[in-house]
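Look for chain A in each of the two complexes below; its partner is chain B in the first and chain C in the second.
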Partner chain A sequence: MKILIVDDSMTSRMLFKAYMPKDGQHELFEATALPDALEKMREMRPELVVLDYNMPEYNGVEMAQAMLGAGLKAKFVLLTANTQRTVVDSALAVGFIQVVEKPVNAVKIAALLAQVA
Partner chain B sequence: MERVLDSLVHTFCVDCQQRMQRVTDIMQSGVPLSCTQLDQLHQEFDTLFGGARAVHLPEMEFFFRSMAIYARYLRNGLRDGQTIAQPAWQDLLAGIAMVRRCGDDMSLCLEHCNKHRSTLLQAIENRINKGDTR
Partner chain C sequence: MELDELERDALRELANVGLSRAATQLSELLNDHIEMTVPLVQVVPYDQVTQALQLDPHAMVAAVWQSFSGQSEGTSILMFPSEDSKRLVRALVGPSMLGAGEDDLRGIEHEAMMEIGNIIITSGMAVIADMLGQEVRMSLPGYMEGNLPDIMEQRNRDNAGREMQAIIMFTHLKAAQREIEGRMVMLMSVDSVQVLFDRLHKLLRSL
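Moving on, here comes the complex of A and B:
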């Protein structure tokens, strides 16, 4: 599965990569901001897009809206340390399939991939 | 897994220094700080709080969480057109300077600046408890 992770935090992107199963089944791409993410979506056509919520300029939900507005379809997952009801609701309203609480670990990522597969 | 964690801590330190440079630029771009600049500071500290938690550095996690809370607290205390006062600006700057001195070794920094960090966080907590928003 092609996966795009969009997070301005180098640490979070690396953590996600470190905990991804090393089974050769998945290809991970990274982006740090909206323009980069849109470009990677057009080029790589990921099936799953994992977005951080707290980012400068646009939050993860706003980015997903921009992607959908540009006609780019994928399954969206929100990563956040902020699981306030308003954040979760705004994500679900846009069509996110899941909200995963940060920090991620191997168990959370495995569960996520199993759900998406 | 230990090697992965070491690598993650190193990445966090690099990330941290880059963000501290941005935060320093924000601090120097317009004194005193506006609401927008405090929002940017909050975003940077909050991201580092998440990063520190991810790489199991609880002292830094607590520190960045406190700094993020303080930036949000100061921002919420400002009305349109208001700016923060010099003591609050100095608290923020002291916290940033402390992190920048850590360089690439956050664990070493934690040992060296433990007392300084506690003093700063206590001062911030006192300011918040007094309701001193400016």
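Moving on, here comes the complex of A and C:
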């Protein structure tokens, strides 16, 4: 599966990558901000887009809205430690399939990949 | 202590995850949408901390502090400009203040600020410790108001003769349709900072 992770933090992207199963089944692409993410989506056509919530210019939910607005479709997952009701509801309203709580670990990522497979 | 770009990014990510968790807990307590972000983290020697905090040294600051111990020891101090934080607390706990006299009002404000500060500091510290594989024990919170140099001097009083450093997290808090800029400072001995950074390097090496 092609996966795009969008997070301004290099450490967060590294953590996600480190906990991905090393089974050759997945291809991971990275983006740090909206323009880069839109470009990667057009080029790579990922099936799954994992977005951080807390980013400098647009939050993850706003980015997904922009992607959908540009006609780019994928399964969206929000990655955040801010799992309060208003944040989760705003993600679900846009069509996110899941909210994964930071910090990630191997168990959370395995459960996510099993769900979207 | 010099940090490279990845180390600064890692420290900022730990702080952001910690304070986002705090925002979740605060939102449950206050029944309001809360956002907390950490756009910048700095590490400075104690003698540069007042200047590095970029707050008016004469302005009144409200501070909640808690000592912590474990593999790393020190004091975490959360600071907001006094008037901003009072306005925020009034907006958040306003209904419980109805009918209170001036003294009671001040008491309720202090209690509320200490509770909010306690949640932010404890959640933040717990996540940082967990992600670094450390154990942290927190003291009960204390509250004080004063100007920045007084607050820092009081909290550093027990550290005479020790070389101290401060990890400064510039925080942005959004709640009750208000936005306020604050600072969370981890005041630690150089040795304790080194222990924390050794853990950070271990985490980064494992990725």
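As a working rule, the second predicted complex is superposed on the first by the 117 of 117 C-alpha atoms of A that agree within 3 Å, B and C clash if a C-alpha of one lies under 4 Å from a C-alpha of the other, contacts with A are read in each partner's own complex, and residues count from 1 in each chain.
Methods note: contacts are C-beta pairs under 8 Å (C-beta built on N, C-alpha and C of every residue); 3 or more make two chains touch, one makes a residue touch a chain.
What you are looking at is a predicted structure, and each value in this text was computed from that prediction instead of being measured.
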item	value
Three-chain arrangement built on chain A, chain B and chain C clash or fit	clash
First (chain B), second (chain C), both or neither touched by A:Lys102	both
First, second, both or neither for A:Thr83, with chain B first and chain C second	second
First (chain B), second (chain C), both or neither touched by A:Ser12	both
Residues of chain A touched, compared between chain B and chain C (which is higher)	C
Residues on chain A lying within both footprints (that of chain B and that of chain C)	9-12, 14-15, 18, 54, 56, 81, 102-103
In the complex, chain A residues that touch chain C	9-12, 14-15, 17-18, 53-54, 56, 80-87, 102-103
Parts of chain A lying in touch with chain B, wherever the complex brings them together	8-12, 14-15, 18, 54-56, 81, 102-104
Chain C to chain A touching residues, read off their complex	5-6, 9-10, 12-14, 16-18, 20-21, 23-24, 27-28, 33-37, 39, 127, 130-131, 204, 206-207
Contacting residues of chain B [partner chain A, same complex]	4, 7-8, 11-12, 14-15, 18, 40, 43, 46-47, 49-51, 53-55
